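First up is the structure itself, then whatever we jot down about it.
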C-alpha cells in the first residue's frame, strides 16, 4: 500500500508529486478505516442502545470483523492484480483530450 | 451538460474559470457514473455470488438499467428547469456576507 | 459552532487560517444540512409518489424531524465534550511523522 | 454564519469559495435526486420493453369516452419521477426554512452566553 | 505510514495537510454520528409533543417509593442518544486499535518481501 | 467531454487534473469494492474461528475419490469474495460501455439543437 520511497527528496524544497502521493495514501487509509467503522458497526452493534458500553459479544465481534476486513482487502487486491484491472477500464471513459 | 465553449482561451495562459468549469463537469459525470454503477448493481446483481461471470439475465438487466437511468436523468433535468429550481433555494441558506 | 472571531483581520491581505476555518465551518453546516434532508426524507416522505405536493402529515413530520435533529445534535455535542473525545482518538492513528 | 469579523479582501475571497461550493452542492443534490427517484420509481428490468408499464396506462376501457377529451397523462413510471422530483424540491425547501430558523436560534443562544 | 524518506520541508508540509484532514475527518465523524444516533433513536414524528415518550418514563408505579431517592433518569429517547454516542466512540476506538495492529503487521509483511 | 475549445496549456493542465482524479476514483472504487464484498460475503462473527466455514468445505464424503484429483477449491467465503470482485469488475465495465454510448448519443443530440 506504500507509494513512497522512490527517489530521495531535494534537501530544501518540496517534491510536489511525492507530497501528492502521500496525501492520496492518507486519503485511502482514512477511507478504508471509515468503511470498517461503518461496516463493523452495522454487523456488531445492537441498535437498541440499552447501555453505553460495549458488551463482551460486541467486543469480540469487532475484533473478528476488523481482522476479516483486512483479509478481504488482501483477497480483493490479489484478485484485481490477477485480472489486471486498470483504473481506466472501470471508469466512465471518454475523458481523452 | 456542457459548460464549456463560451469565449476562446488565451493563446498561452490558463483561463482559470474555464478549467474550473471543466473540472466540475468532470466531477458531475464521475458522480453520476458511480451512482449508476451502485444503483444498477443493487437492482441487477444477485449477491449470492455463486459464480464470477455476469449471467444473461444480469447483463440484460444492466443494459436496461443504464438506459433507464439516463431517461430519469433527462426527466428530472427537464422538471427542474420547469420549476426553475435555483441552486440557492435548496441550500441551507444564510450564507450571505 | 463558530470558529471565527478570534483576532481581527489585517486591513488589506488575507488571513489564510481564518479563511480555512470559515470554509470548514461552511462544509460542516452543509454536511449537516444534507444529512437532515436525507434522514427526514427517509422518515417523512412516502415513496409511493402519488402526488407532487407535500401533504399535511409530511409537512408536520418534516418540521418535527428537523427540530429533533437539532436536539440530537446538541445532545451528541454535549456528550462528546463530556467524554473529552479528541479528534485523534477516533482516527486510524499511526499518522505521526 | 457570521463573516463580519473578516476584512473586505477576505470576504471577497470567501464569496468566491461559497459560490464554487454552491455549484458543487447543487450538482451533488441533482445527481442524488436522480438516483433517489430512479431507485423509487424504476424497478422492473425484466420485462421486454423499457417502458412496458406505459401500455397499461392508456385507458383499458374504450367505452369511457371522456378519456378522449382529457389530456393524455404521462405513463405511471414517468409520473412517479415527476412527482418524486417535485416532492423532493418542496421537502428540501421546507427543511431549508426550518434549518435556517433553528440555526438562527442556536446562534442567538450562543451570543447570549 | 512511513514519511522517513521525506525532506524536513516535505514533512512539515505533510504535517499541515494531516492536521487539516484530521479536522475534516473529525467533523465528518461528528455529523455522521449525529445522523446515526438520530436515525436509531428517533422514530416517532406523528405524536403531538416532540418528546411525548418522556411522559411514560417517569415511573408508573407510585407505590415504589425508591424512585424518590434515585436520581431522575433522562427520558428514553435522550438516553438512547447518549448511549449511542458513548457506544460509537468506544466502537470507533476499538476498531482504531485493531486497525493499527493489522496495519503494522501488513507493513511488516511488505518490508520482508 | 469536449475540450477542443481549450488552449494547449489548458489541455495540459486538465490532463493533470484528470490523471489525479482517476487515481482518486480508482482508490474509492477499490475500497468500496472491498466494503461491498465484505458485507455480502462475511456475516458470521459469532463462531470461534474466523474461517469456521472452511471446514465444511472440504468434501465430507471420503469415498468420493475424485476429490483427490481435483484441485482443492478455496473455502466458500473466500470464493464468494473472488466471485464478488470478478462480477463487480465485469458489471462496472459493462455499465461503462453503456454509459459511454448513451453519453455520446446525448452529446450528439445537444449538438443538433
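All chains are identified by letter, namely A, B, C, D, E and F, in their written order; residue positions are counted from 1 within each chain.
Methods note: a residue touches a chain if its C-beta (ideal position, glycine included) is under 8 Å from a C-beta of that chain, and two chains touch if they have at least 3 such contacts.
Here the structure is a predicted model, which is why all the values come from computation and not from measurement.
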At the largest C-alpha centroid distance from chain A we find chain D
Expressed as a multiple of 5 degrees between 0 and 180, the CA superposition of chain B onto chain C rotates by 120
Taking each chain's mean CA coordinate, chain A and chain F are separated, in whole Å, by 15
For the pair chain A and chain E, the C-alpha centroid-to-centroid distance in angstrom is 20
In whole angstrom, the CA-centroid distance of chain A from chain B equals 25
Dist(centroid_CA(chain B), centroid_CA(chain E)) in Å evaluates to 32
Where chain C touches two or more other chains simultaneously, the residues are 26-27, 29-30, 33, 44, 67, 91-92, 95
Going by residue number, chain F touches two or more other chains at 1, 3, 6, 14, 18, 25, 28-29, 41, 82, 85-86, 92, 96, 99, 103
Contacts from chain D onto chain C in the complex sit at residues 1-3, 5-7, 9-10, 13-14, 17-18, 21, 25, 28-29, 36, 40-41, 79-80, 82-88, 90-92, 94-96, 98-99, 102-103, 106-107, 110
Interface with chain F, chain A side, in the complex: residues 20, 24, 27-28, 31-32, 35, 39, 42-44, 57, 60-61, 64-65, 67-69, 71-73, 75-77, 79-80, 83, 85, 87-95, 97
Note: in the complex, chain A contacts chain E through residues 1-2, 4-5, 8-15, 18-19, 22-23, 25-27, 29-30, 33-34, 36-37, 40-41, 44-45, 47, 49-54, 58-59, 62-63, 66-67, 70
Per the touch rule, the chain D residues reaching chain B in their complex are 1, 3, 6, 11, 14-15, 18, 20, 22-35, 37-39, 41-43, 45-46, 50, 78, 81-82, 85-86, 89, 92-93, 96, 99-100, 103-104
